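What follows is a pair of complexes built around chain A, which joins chain B in one and chain C in the other.
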Partner chain A sequence: MGDLGLIAQVVVNGILFGSMYGIAAIGLSLIFGTMRIVFIAQGSVIVLTAYFCFWFFSLLGIDPYLSLIPVLLISLLLGAAFYYGLFRESAALKDRIGSLLIAVGLMFFLENFMTVVWTPNPRAVVTSYGFLTFNIFGIQLTLTRLIGLLLAVLAAVAVSMFLKKTLIGTAVRATSEDVEASTLMGINPDWVNVVTFAIGIGLAGIAGVTLATTYSFDPVYGFEFALKALIALTLGGIGRVYAALWGGIILGLIELLGTFFVGAGWAQGIVFMVFLLAMTFRPYGIFGGAGEKV
Partner chain B sequence: MKDKIYTYLKKDKRNISIIIIALVVIVFGALPFYSDADSFFAYYLFLVFIYIILAQGWNLIAGYTGQISLGTHAFFALGAYTTAILWLHDVTKTWYYFDPLVMIISGVVPAIFAIIIGIPLLSRLRGDYFSFGTLAAAEVLRILILRGGKFTEGAMGLRLPAEGFTDMGIYYWTALFLALLATAMVYFLIRSRIGLALRALSEDELSAASHGINILQYKVLAFAIGSFIMGLCGSLFAYYLFIVSPPAVMNLNWMFLPILICVLGGNGTILGPIIGAFVVGALFTYGDVYVGQIHPMLSGIIIILVMKFMPTGIMGLKDRISPHR
Partner chain C sequence: MANQLLEVKNLEVYYGDIQVLWDVSLQVEEGSIVAMVGANGAGKTTLLKTISGLLRAEKGEILFSGERLHNLKAQQIVDRGVVHVPEGRRLFASLTVVENLRLGAYLPRAQALFNESLERVFSLFPVLKNRKDQKAGTLSGGEQQMLAIGRALMAHPKLIMLDEPSLGLSPILVKTIFELINVLNEQKATILLVEQNVNQALKIAHQAYVLKTGKIVMCGKGCDLLEDEEVCKAYIGERAGNR
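And then the complex of A and B:
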């Protein structure tokens, strides 16, 4: 197989890795779409839920994939609490500066809170099946990463179905297109916002479980993760569920191929350069579309 | 009687504020003579002055022009690295601290960087996108510094010769001078025609453009001048720290602090960043001593509470208490 096999391996890893950015980006996309809030604390929330998963595993001995249910419930509640506790006023006023700063404050708080509670040392959930790999055409596939991809795709499908088929989902889409008009049609923006926020943070919970089972994490990893999710969102284009997932996968590919060809240090620089270029020349995402005016 | 005093005060408001400013400058400027310049209080004031410089730079970009820059740490670091590299390579042939030429170049380099990234970012993107553009640009700069090889010494950082160090006095006065300079720069800029244009475009870009204001030009100008001030601050900090390394000068705190200071004091006011710097400086220096490692958590909570209940900052409270401006 030689070099080609290695590159194929890198590509597969990039897709598996990027799907995690993808789920986070879908959450960001929803929150930004309806409330115009750039939730930069998303990454820190993901790491927080990863710690919840870690605690369920290490203290109660619950399997990480089983703990997806309580973690998901906790993060849905957390999302509703964030909305009512922190973002309600700024969402109503469409105050982007205010909400951005609140999110930055939340990120700062969570990072330091996690450092105090769980120490700054990297943690990981190590299960008996965590090292299980399949070998297909010479490409190593880790079970936990495959489950991560599966979860990401399932979550994207579920959110997409929710937005298209249910009444609340339709209301969410209507609100993200035009708040005033949807309010005139009798949609309560408060209700839509809290549902959106809960789902956005719920997706962070799923990403957190994936993160906990596949990689090691520490309290300050969240900021980098949130940046990557934002980049994935910008690459895919705001407002479309699958585009955000694709954006994440493309980002994962760029990152890992960059690491493979030019080295780990420069790969991050390439990621940010691609982001800057994409934002400057294709602000509606590389898949184009009319999108929302920036 | 009361009205009389009020009109008198209003008439001489300008003179009174000049007297107050002069008094404050004399009190702070003379502090090293009647108190030890190496005392903890003097160190606190030195940090406050640094915060004021940085916050005034951010205030100009975000408070007055309405462009939320999240790249403060990059401009700060660029200023610090410029000073360190110029000094180590002995470009200016001057071996004393606070060489004005080095400091001005350390401000100009970030300003040029701001123009280079500002033109593409500001011409196409607005609002949050500009914020992430500056953040991404800062990350690119961080990689460049980390991978700079011999030129920047990577994660180790540059070590500056510290033999000439005697006491904090000169640092204190330079910081005070630069804080005054930054405040004066922002003050006079905002009162000029440029400032009028900046405030107009922060209120309503479309309407400003239709009144003949070249939006891009003014935005980039404000961004460059703000970055110049941040670069000066970085230069000062490089002289103070002697070790210019990514963890020291590219710390995210340097991005976060000016925002916290401006928001807490009152964004888009001239006194806001000064008040904010005193409060935040006290929180951080004395918080370190008395509360220990919990204080970063507290500052996160404070920024949330301030944004939620006091979005116009301490300066905004004044307007709420007294209807007279």
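And then the complex of A and C:
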């Protein structure tokens, strides 16, 4: 085995890790697609939901995967509240700068809010099964990370089915293509937007539970996470659910393989280099045919 | 006077500070084809957008079967049965033909009748049935216009407003589209047609209005306007009539 086994291990970890970026990227993609909002606070919301999961666990003793249900519900409501409270106006005006500023403001608010409530010290949800690993062909698989991947794939499938099979999902896709024309169909853009925002933040809730169970996190971790999710989204191409997930997984691979071969400091550089190259040569995403969506 | 389905009274519309429509009044009789003709920039599209609730009027009234439309939201206006087929078709290109039609029947009232509406649209446009799972963006121009009209029919409209349905189509397809408008009208649809193809539009219209820089400058029976010397000179060209 030796080196090859180690590389295989890094690849597997990259996939498991990257799926978390992917799930955040799907949320960003939905929110950007319908409302043209670059929701930079997504990472901070993920950390916030990770803290919710942490509280459910440490204060109430609820298993993190069981707390997925309340966390998901809270994040769906939070998404609706964000839309009605903060982004409704700028979404209606398609004001990208305004909405970006609001999102940045929300991010700073959340970072400080979380620092006050939970202190800047890193937290993690440590369960009895948190260190459980399987050994398959010499590769160590951590149970919680595997569950994280499973949740990401399930969420991607669910979102994709929602967009393809339901009438409101079809309306979401139509609205992201042409708001005015969808209004002429009798579609209420407000309703489409609030549903989309709720789902986007709901996905953040799922990512938050995965984050809480697999890594330690602190209040300011969110910004970096949101940047990575944006890069994942650009790699995959905006507007397609599975592409965003793949973008996340590829980013996770680049990051961990980079860390393995050239060290953690350089890995970040490589990530941004790949981002620049992708923006230059494949601006519609590495899977995107030319001209597919924004 | 016969039963007026749509009445627009003294409408004034602005884009910001710029007034686009001046004191526009018109009537659409139930079961008729009414054409609104005029040059580019005369305000025809603005008028339709105001009726369908995409734009707000500063002054004036829009009555549909006696009900005031001008305070309603766009989706409520669709629900009343006023359906606008916008200029340039505005299909959802990445959605399939059937998905586009499903959205045409988005509102609950139309959703309940989805299957029969779909059958009707497919019998009017068999080509759409053959391409029902194809993305709308891959259709030809003529097929796209058919889909745009089919999508409007899915809403069970009482009034169909067509904005430049012949735009960008070959002469043969233009003829097909105008024949289709006649067929729809024979099937009891009331149609408000906005056209730059003045000759064709006036031929099929029962009643027609000429809009010039935001004002109605002439109205009358379609065939009368077609004979009118001024209209011919301004919009059709010297007796050429085949634009």
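Observations on the structure shown:
We adopt the following convention: the second predicted complex is superposed on the first by the 289 of 294 C-alpha atoms of A that agree within 3 Å, B and C clash if a C-alpha of one lies under 4 Å from a C-alpha of the other, contacts with A are read in each partner's own complex, and residues count from 1 in each chain.
Criterion: contacts are C-beta pairs under 8 Å (C-beta built on N, C-alpha and C of every residue); 3 or more make two chains touch, one makes a residue touch a chain.
Here the structure is a predicted model, which means the values were calculated and not measured.
Superimposing the complexes on chain A yields a three-chain arrangement in which chain B and chain C fit side by side.
Shared-chain residue A:F223: touches chain B; no touch with chain C.
Within the superposed three-chain model, A:G61 lies out of touch with both chain B and chain C [touch as defined at top]. Legend: residue contacts after superposition of the two complexes on their common chain; A:G265 is shown touching chain B, with no touch to chain C.
Seen from the CA centre of chain A, chain B and chain C lie at an angle of 90° in the overlaid model, rounded to the nearest 10. Set against each other, chain B and chain C differ in how many residues of chain A they touch, and the higher count belongs to B.
When the shared chain is aligned, chain B comes close enough to touch A:V116, but chain C does not. By the touch criterion defined above, A:E89 reaches chain B but does not reach chain C. Contacts of A:I102 after superposition on the shared chain: chain B is touched, whereas chain C is not. After the two structures are overlaid on chain A, the closest C-alpha atoms of chain B and chain C sit 15 Å apart. Residues of chain A touching chain C in their complex: 167, 170-171, 173-174, 177-178, 180-188, 292-293. Interface of chain C with chain A (complex): residues 52, 54, 73-75, 78-79, 83-84, 86, 90-95, 99, 102-104, 106-107, 110-111, 151, 155. Put simply, chain A touches chain B in their complex at residues 38, 86, 89-90, 95-98, 100-102, 104-113, 115-116, 223, 227, 230-231, 234, 265-266, 268-269, 272-273, 275-276, 279-280, 283, 294. Put simply, chain B touches chain A in their complex at residues 62, 68, 117, 120-121, 124-129, 131-133, 135-137, 139-140, 143-144, 146-147, 252, 256, 259, 263, 293-294, 296-297, 299-304, 307-308, 311.
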